[in-house]
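Read the structure below first, then the notes.
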Amino acid sequence: MGTLDNAPLVDLGGRLPSLMKGLAAAVAGVTLAFSAAVSAAPATSEVNTTDLAVTDDTVTVGILHSVTGTMAISETGSVQAEKLAIEQINAMGGVLGRQIEYVQEDGASDWPTFAEKSRKLLLQDKVASVFGCWTSASRKAVLPVFEQYNGMLYYPTFYEGLEQSPNVIYTGQEATQQILAGIDWVVKEKGAKTFYLLGSDYIWPRTSNKIARKHIEKLGLKVVGEDYYPLGHTQFNSVINKFKLKKPDVIFASVVGGSNVAFYKQLNAAGIDMTKEKPLVLTISVTEDEILGIGGENIVGAYASMKYFQSLTNSNNVEFVKAFKKRWGDDIVIGDVTQAAYLGPWLWKAAVEKAGSFDVDKVRAASPDIELTTAPEGYVKVHPNHHLWSKTRIGNAKLDGQYEIVYETDELIEPNPFPEGYQ
Amino acid sequence: MSSSNTDFVLAVEGLTVSFDGFKAVNDLSFYVDKNEIRVIVGPNGAGKTTVLDLICGRTKATEGSIKFRNKELTKMKEHQIVRAGVGRKFQTPSIYGDLTVFENLEISFPRGRSVFGALTFKRDAEVLQRVDEISRMIFLDELLHTRGDLLSHGQKQWLEIGMLLIQDPELLMLDEPVAGMSVSERRKTAELLRTITKDRSVIVIEHDMQFVAEIADKVTVLHQGKILAEGTAEHVKQDPKVIEVYLGH
Amino acid sequence: MSYANLRTLLPKNDILNFAVLALILVVVLPLSMDLFRLNLIGKYLTYSFVALGLVLCWGYGGILSLGQGVFFGLGGYAMAMFLKIEASSPENTAIQSTPGIPDFMDWNQLTELPWFWQPFHSLTFTVIAIIVIPSIFAYIIGVAMFKRRVGGVYFAIITQAVAAILTILIIGQQGYTGGVNGITDLRTLFGWDIRTNEAKYIFYFLCVFMLFLCLGVAQYVRKSKLGRLLVAMREMEDRVRFSGYDVANFKIFVFCLGSAFAAIGGAMFTLQVGFMSPTFVGIVPSIEMVIFCAVGGRLSIFGAVYGALLVNWAKSTFSESFPELWLFAMGALFIGVVMAFPDGLAGLYSKYGEPHVTRLLDRFTSSKSKTSGDSDLPPEMEAEGGNS
Amino acid sequence: MFADYTTSELMSIFAMQGFSGLILFSVFVLMALGLAIIFGQMGVINMAHGEFMILGAYVTYLTSNVFSEYMPALFGGYFFVAMILAFIAAGALGMLVEWAMIRHLYHRPLDTLLATWGLSLILQQLYRTIFGAREVGVTLPDWLMGSVQITDIIEVPINGIFVMTLAVGISVLIAALMYRSRWGIQVRSVVQNRPMAGAVGINTARVDRLTFGLGCGIAGVAGSAFTMIGSTGPTSGQLYIVDTFLVVVFGGAASLLGTIASAFTISQAQSTMEFFLSGSMAKVLTLLFVVFILMLRPQGLFSLKVRR
């Protein structure tokens, strides 16, 4: 359990005027005047009719990620982002005049523990909303709990889609958003004709590759190979040989975790220089976080298709990266999911203020069409299907572990968790 | 090698076992009569214990045949050999230290040897009476409820003999039954052996020639896996080859 | 059953143990805890089924299986398959391209229920399958291993490999098994909502009831000659063999029994937690289950229950307050129990607590002479029936 | 599936595939050798083996940082220094563990298995506390990167060659140590008859400690080498355990030759199947194959028929 005794951003307004302005604009855009919200906090009985943990000056939310176990590596960034967002919101006066307090629980990379802790957060702590989960399996485990006890979960990871729960806001991209634009880009810009699909063996890579395959075949192009390795697999020489035999134009990779590191190191060592783009490597699973472990020199030249890169130059992001580093240290990198996790508390705040209530039903009703102009990724908007409209970008991995953005879709892409014709 | 049926209780013919080319027992043949006490002697490494291992199925023969009451043992599993009527005592006393003397004997009682049998086994009058009888025979009737590992070395040896007796085997094999015993224990053991060998054949491995002379009907001297001499204790003692390799030392 | 027989089966100390455990599980915990905590206890109790099986296999039989998660998983999956079929009625799954099959099958382009799912329409079949399938599986492994006298470390590693194989298979065949997400979102049992508070109470008590049933079976086995044979085998396997027993059969039996217990635990887990996933099948949970047994005392069937409760309770509270320290504590627990208290809690109790309790018991019951200790049988020489 | 390719292409691919099988073989040998020595000597399965490997990997990571910070000119050679340091660090920790823990448990092999599992948990959390939960990237010197181009298609990764050389080198070294040195004679005599070895004046406790230290040290070197091909994180060690144990058990406890033969069999089986099947199925089939063979031949591939 943490309160915000060491919030470092209290003087944020003075030193970071543009962020302040941006945030204020966002709030103003969706609700009453920013100052009004702060000065005249509505009575607790009005904003909380469902016995949530709301007092006259605080509201409690939950953070539910793995800080131990194998998933801790990935989820740490999300925890940091969510805490940062909460601290910034508090520094601006909180939500409906109430400071946000959070209860943090450890899912310990264990799905029943996630279910158990989410039940605790909803039943015992009566939190107003929960920011958390990372893997699909953990989300699937908590989903019945959130639906049964009517909680609200902000889920940050890009994922396979095929889900649309009234009790979840998906702040990451669903598979079609991430994949289709990426494939269109390599086909159009790089003239790719043949693809090899490779993934770790579980639902997200398999679903992603299914969507990718349908799309590639719709474009009249060819998938020359598709392969899956168990999670944690460390030897990829055989599949690298298959690349050499089939000579695909594009290797479409969704390998995750420790396997990622092994895969790119071995790919590089086998003489496949990704900067030559023969074949071109297009990944949907390697964020800046993962490159830390892989090493920039092992992945330089690969392309990634996602909605956010740390190197985005818009002013929102510049401020966000600065604030994030100030809070969590200069060495830190920010990946796609971390940014999506950062959106969670802001989207919730916007929805609460639009609804004028913490009640989950009202927040849910207010959520569609919430806009956030201050998002580090730019402008996002909540779709009625609880996913976000967002742009997709292509980054090219550099030696220093950052992506150079080479392409960005013109329009926001509509989320489509149940894509017709891709199932 | 095929072998014909005989009147002997045990007929060992052409028995050979090799470990990585080393022939621990080499083309060995011998026969044990009904109610005979056979003692096997020989220097260390002569293959004595291996012969017992082969008979009771602990080691599989490379060649040759072992017939017990004209039943071929070499193809049978250990428990089948035991059930056929062969009992074996090990060199070091092998009893169950965590169980009481009573339980040690009870487990050896030849009933309820299948899984289902063991689950439904009842401690009925027959069991109690048998345990009582045997425990008297092995001088442990006062210690029925003592845990096995609290017994003295000699008592453990007796207990293991008792565990064989309760099976009532037709052929009993004892590997150095008096090793490590005090003089008085040794005397009692000799007495015990005489009582228990009345209705069965016995093979004993022993070093102590005096003890051997005391109990043996017939002695077989093994050397390097082969029979060096065979006959009565007196006869064997005077064999010059035996004196050279064994007794002379 | 005669009085003497009953007393052999249930010495006074064990009656007390049963009574205390029943008091705690049936009265104290339900009255003192809210439903959320009680549900957690119920979940922990499902692990104690596994620990109980391990007491028989490992403590008594000397067979350490590092793959008990396999059987826990098989039982749990069998239950989950039944519930999932019910949860996937055509009305509930109308938005799918093929309504009436589980959602994950639909996502994986399956258009009908695979053949091995079909029998799980029937609850009767499911209940039988929960016990029989894992037992058959254990039987196959057991025959292959024990008939060839594989034991000790070899057996441990092979069971571990089996756990790895099954995990990879379940995750890889996601169209048939739900993959890494497992089988989730189980709602009703014959239309009765299993997520309500009332259902949770019922499942808790069902779980406790099943646990006592298994404890009873374990107690019977332990006090039968088979129990003593297991102890004997652990010490002097050759001696048992040369007393005319086919040692492998006993190991196979106890391994199957332990697996059946684990499977019942898995099924209870699915009912109470509401889903099943491959994370319970793998190596890590399987080894953790061994530690529940070791902490409780590998020779004590009651210790298994207390061990599972205690370790899991510690895990929950510890990981709430000091998540980083939890692994240290768990590691230290492994090492400490093995090195300092190989007989676990039960060992401590029988050393320090039990003598006092026995004395008290003797005082309150006008008893004849009484032996102490677990493996000892009463010395009474009267027959247990039959022809006396 | 081969219809579209020319014969020479196919030949090259098979050569490559054979080569990746050899790399896998070397990886298995490196992983298993340390464990095999310990298992053969003491009958102990060290469940923390993977964590000893990762210790080597972290030592390599630290060494590379030190070199790039203070001695950038010598960076090309840091890897050798790192391997030596990894050997020392893992070996020293191994000896400490043997002294504090293992030696009290020699009569209870199954308990050792649990205790070392506990140790592995502690080490994992220790790494997490010190180095953070994320994987660390180990920078390799340039000469270890890239590959040697032999023909148009055949390219051999340099780190693969390095791993192979290392595996061969260490195997030869161990063999020499075991069969030529005085210490090796002591080890083998302790294995064969502990009381007798003690009686003739061999300090069996010291032999045990050194053997355990050596096994762990080799694990450290293996971990150091694996920074070239795999990940370095607190839980990375767990990725190797099943494979490692199976290689050792499959080989049988009797000889190093058994371990090497088993590593060869498993790696070839896996690498061949990976080429024709999906990676997951290949893994399942490999494991099944090994378990199946072990059921037929429980003492492992190589074990002597001994007189009991």
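Brief remarks follow.
Which chain is which? They are A, B, C and D, in the order written, and residues in each are numbered from 1.
Criterion: contacts are C-beta pairs under 8 Å (C-beta built on N, C-alpha and C of every residue); 3 or more make two chains touch, one makes a residue touch a chain.
Quick caveat, the model's predicted, so the values are computed rather than measured.
Of all chains in the assembly, those touching subunit A and also subunit D are C.
Using CA-based centroids throughout, the chain positioned farthest away from subunit B is A. With centres set at the average Cα position, the gap from subunit A to subunit C is 39 Å. Centre-to-centre separation between subunit B and subunit C, using Cα means, comes to 43 Å.
Centres computed as Cα averages put subunit C at a distance of 35 Å from subunit D. Centre-to-centre spacing of subunit B and subunit D amounts to 47 Å, using the average Cα coordinate of each chain. Contact with two or more other chains is made by residues 58 of subunit B. The multi-chain contact residues of subunit A, meaning those touching 2 or more other chains, are 67-68, 201, 228, 230.
In subunit C, the residues touching two or more other chains are 168, 171-172, 324, 327. Subunit B meets subunit C in the complex at residues 56, 58, 77-79, 82-83, 87-88, 90, 94-100, 102-104, 106-108, 110, 112-115, 118-126, 128, 132, 144-145, 147, 160, 163, 167. Across the complex, subunit C meets subunit B through its residues 5, 8, 220-221, 224-226, 228-229, 231-232, 235-236, 238-247, 249-250, 253, 371, 375-377, 379, 381, 383-388.
Listing the residues of subunit C that touch subunit A in their complex gives 36, 39-40, 43, 95, 97, 103-104, 106-109, 168, 171-172, 174, 179-182, 184-187, 195, 273-275, 277, 279, 316, 319-320, 323-324, 326-327. Interface residues of subunit D facing subunit A in the complex, by the touch rule stated above, are 5, 9, 13, 16-17, 19-20, 23-24, 27, 125, 128, 133-140, 145-147, 149, 153, 155, 157-160, 228-233, 235-236, 238-240, 270-271, 274-275, 278-280, 282-283. Taken in their complex, subunit C has these residues touching subunit D: 58, 64, 66, 144-145, 148-150, 152-154, 156-158, 160-162, 164-165, 168-169, 171-172, 283-284, 287, 290-291, 294, 324-325, 327-328, 330-335, 337-339, 342.
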